[in-house]
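The structure that follows is given in the form of structure tokens.
So that you can tell them apart, the chains are marked A, B, C and D in the order they are listed, and the count of residues begins at 1 in each.
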Amino acid sequence: MPDRLTEIIEELALANRILGYEGVIDAFGHVSIRHPADPGRYLLSRSRSPALVEPGDILEYTLDSEPVNPPTPRPYSERVIHGCIYQARPDVIAVCHHHAPAVLPFCITGKPIMPVFHLGAAVGEETPFWDQHDEFGDTNLLVIKPEEGRSLARALGRHSVVLMRRHGATVVGEGLKELVLRSIFLCQNAIYQLQAQMLGTPQPLRPGEIRRANLFNPPRAGVDRAWEYYTRRLEAAGGWPPAGKAKAARRVQTKPARAAMRRSKGKKRKR
Amino acid sequence: MPDRLTEIIEELALANRILGYEGVIDAFGHVSIRHPADPGRYLLSRSRSPALVEPGDILEYTLDSEPVNPPTPRPYSERVIHGCIYQARPDVIAVCHHHAPAVLPFCITGKPIMPVFHLGAAVGEETPFWDQHDEFGDTNLLVIKPEEGRSLARALGRHSVVLMRRHGATVVGEGLKELVLRSIFLCQNAIYQLQAQMLGTPQPLRPGEIRRANLFNPPRAGVDRAWEYYTRRLEAAGGWPPAGKAKAARRVQTKPARAAMRRSKGKKRKR
Amino acid sequence: MPDRLTEIIEELALANRILGYEGVIDAFGHVSIRHPADPGRYLLSRSRSPALVEPGDILEYTLDSEPVNPPTPRPYSERVIHGCIYQARPDVIAVCHHHAPAVLPFCITGKPIMPVFHLGAAVGEETPFWDQHDEFGDTNLLVIKPEEGRSLARALGRHSVVLMRRHGATVVGEGLKELVLRSIFLCQNAIYQLQAQMLGTPQPLRPGEIRRANLFNPPRAGVDRAWEYYTRRLEAAGGWPPAGKAKAARRVQTKPARAAMRRSKGKKRKR
Amino acid sequence: MPDRLTEIIEELALANRILGYEGVIDAFGHVSIRHPADPGRYLLSRSRSPALVEPGDILEYTLDSEPVNPPTPRPYSERVIHGCIYQARPDVIAVCHHHAPAVLPFCITGKPIMPVFHLGAAVGEETPFWDQHDEFGDTNLLVIKPEEGRSLARALGRHSVVLMRRHGATVVGEGLKELVLRSIFLCQNAIYQLQAQMLGTPQPLRPGEIRRANLFNPPRAGVDRAWEYYTRRLEAAGGWPPAGKAKAARRVQTKPARAAMRRSKGKKRKR
């Protein structure tokens, strides 16, 4: 019977793959969750593309972004993004850093994203910008040093999303599902806002509408419906469960079961 | 031998999944049909993403949007959209509420959609706007209260589509196939209109052309052709028949048939 | 051993499906070829979405668009497009009528398409417009009457493409492969031209470049390469060979072969 | 045990297919690598669409683009692009010529591409233009004559990308993985830049940022992560390993293995 930590790790791998399948993250980007038993630690994959992450890739870090059980496989170079935000924001349970095609035009021009449809309200009234150059001059634009991570966390402030000039975005969630859905709705909102601007003048939601339309307000009926939808899409595309998990399960199987496993594994690789 | 109601329920599940596969609805949105034997009732899935709806998810409602056979699983919170339109429009047989990416830029800017190609004529000469804020002030933008549903139905009037500011659209049909095709053509028309505006000045169909080019005019030759096309696309993608139906069929099968079923069910999940 | 007519019919079904898979035609649109043995006849599917056409759907017509072997299943209502062009243009071997999303913005605005990259040269220097309203006033925009077909053929003139206002396009080919590739390149050219106009001022090919860059000039090395590419893409997606053909082949098979056939047919339906 | 040349040839086929799957090249375009043992030779497929290239299609050429082992199957008519660049740039190990949809709008308007996000830095500070008409007047826009290839190589100069007016682009790499990733990032950058311009004023990376953010700077941690990602995506889509390789492997198999092979080959064709 799986314990809570095993479940969380599996959910984190699933969240990685959903965001990969939905086009929020591609070869790069990463997703973490705060440790369920110790708020001073967080869980994050080794350096690997999110669409490929398996439970066995998940590592444990202190909030200083040091591995709890060294030596480890190669970590993400930008993991301080996660540690510094978990330090600055005790209310944050999950963090995603990405370079989604939908948000890049805003990061490149500095035009603000504003909620333009009801699901976009989950993004919040404001998405502040952070320009690494302001404080650190010419860099490789990666957030590697602790002071860079802390600067980014300050720019995020009390918001749910921070846009990073010429780089991407970092999104936080009061839970893992909230993080995943907010990341997807941010992309949808950005696409609609860009197209609306090509058509005329986008009219954003009013502040009172933004507060009321947030999908994560109780009774949160839409959260489970959306989670089922994105999980099933990924499964239908052969992206879940991960092959690595299947391999682990195979170890204890009888011979005929193994043959069936091989067949179904072959099928899962298609998309 | 399936009776008429069973057939209608299955067609409704198929309509849900076609609209999901064609990108009209995603995690959210819903599709209903008037009860074939009782015009004072309608059929609508429990709260579930349309792309996943199975015949077993379909519930029966009065036109006041109360479940006929309580207790039921969680219903859609916006089901009054359906009930209020069926009350106001005896000619309407099917209703779809959605947030299609293609129409959102129009909902965000308030720019009207107009038929710009012959299939767009099925949308009708005018697609009125409804702004929930006009009558109800700041809300969560969901249509939950009966008075909100009635207000929306008034805005729809005698038309086939009503655009909802900063939210989405509601489409009605004189039948289920008409509803599905009109919803798809609305999206195509919106995309072409936006791109045409980026290129120059869109020239809409003339009123006489709109009346004549409606695909649902007799002899309606194109309706069956299009229905076959969208059904086959969904089947080819493994989205139909639903796994739930397969499970039901399995109950009466012999052992070897069950083994084949398991194999083909595994395949259906891929896309 | 298949004779020439059987081969041509199979190639025509393949051409229908390639154009369906590549997004040139969807539920609507049609593709024909002149009869290989009798230039006074042409071959065209019964009324069916091109992506689903099988060899058994192909019918034979006179150039007056009358079926050679009545009674037939329901024909396309717009088949005079094909008959009238074959009458007016003895050099034309194949015809496609479609409503490709890529060309619609041009049909809606009346902005001309011009070759903007080397493969676009296959479209020719000019793509004239035809507006059915000019000669026939308000219609349903379908080309159904012989005089409408002849009017369209006059607008096409000596060109390879005619754009139909608020409707779509008709493309002709000196062979079936030329028709398919020209239809695809027309769409690519239209997309690039629209995007180039959003970026700055598109600079078309010079007249001398258009004449020289036509892919169908000898030695035509690219034609077979492109044909293999589009055929293989369709096969990889499970769209070829058609299930109908497989069914015909099954008739002469032994029992174990039939079982294998059923399995692989099931797989072919996925995409 | 495969030797180094066999490995390189297989990697080259994989690179062809990755660039085909990621939408950089389609029916046309080609990818080469310098011979690992003889810098005076290079390896390039016979005339075939890159998405279909198998190891057995790879031919060996001198830097004058003459086949080393004639007679050969039909070669690419534009192979001088590769030979002339390998002659002019001893530091170049791999070359790709393509007509990616993402870069065409820039080639059509002459608007320069500039790095607008950190991964775009791998493209370099400047992407010069080459207009074949400047030196050669009206042509078919293909680079066939050695003097055309040398002219293109001069325009490329010390850069990593040269944009070809009304035609496409040629990209070079200090290795095969660098070539593949740079080609993909060039397309991403072009798409983001076009959309950013529709939204406002794109702000490119500063020269110091471009130098620092190049993914191919040591420690190059992202290169392997991205390579795994793109390879796995292709495998999941059934595009790798190639069927041709599977056929070769089948020759030495026992009968039961052959049956399994047939089954899995059937599956590989789906996408």
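For the reader, a short list of remarks on this structure follows.
As a working rule, a contact is a pair of C-beta atoms (placed from the backbone, for glycine too) under 8 Å apart; a residue touches a chain by one contact, two chains touch by 3 or more.
Worth saying up front: this structure is predicted, and the values here are computed from it rather than measured.
Counting hops only between chains that touch, subunit B reaches subunit D in a minimum of 2. Note: Cα superposition of subunit A onto subunit B, rotation of 90 degrees, nearest 5. In this assembly, the C-alpha centroid of subunit C lies 31 Å from the C-alpha centroid of subunit D. The distance from the centre of subunit A to the centre of subunit C, with each centre set as the mean of the Cα atoms, comes to 44 Å.
For subunit D, the set of residues that touch two or more other chains comprises 198, 238, 267, 270-271.
If the chains shown are joined wherever they touch, the resulting network closes on itself as one ring, and no chain has more or fewer than two partners. Across the assembly, chains come into contact as A-B, A-D, B-C, C-D. Residue ranges of subunit A in contact with subunit D, taken from their complex: 26-28, 47-49, 51-52, 74, 77, 99, 101, 104-111, 133, 137-142, 165-168, 194, 197-198, 238-239, 266-267, 269-271. Per the touch definition, subunit D reaches subunit A in the complex via residues 116-119, 121, 188, 191-193, 195-196, 198-206, 208-209, 212-214, 217, 221-222, 225-226, 228-230, 232-233, 235-238, 264, 267, 270-271.
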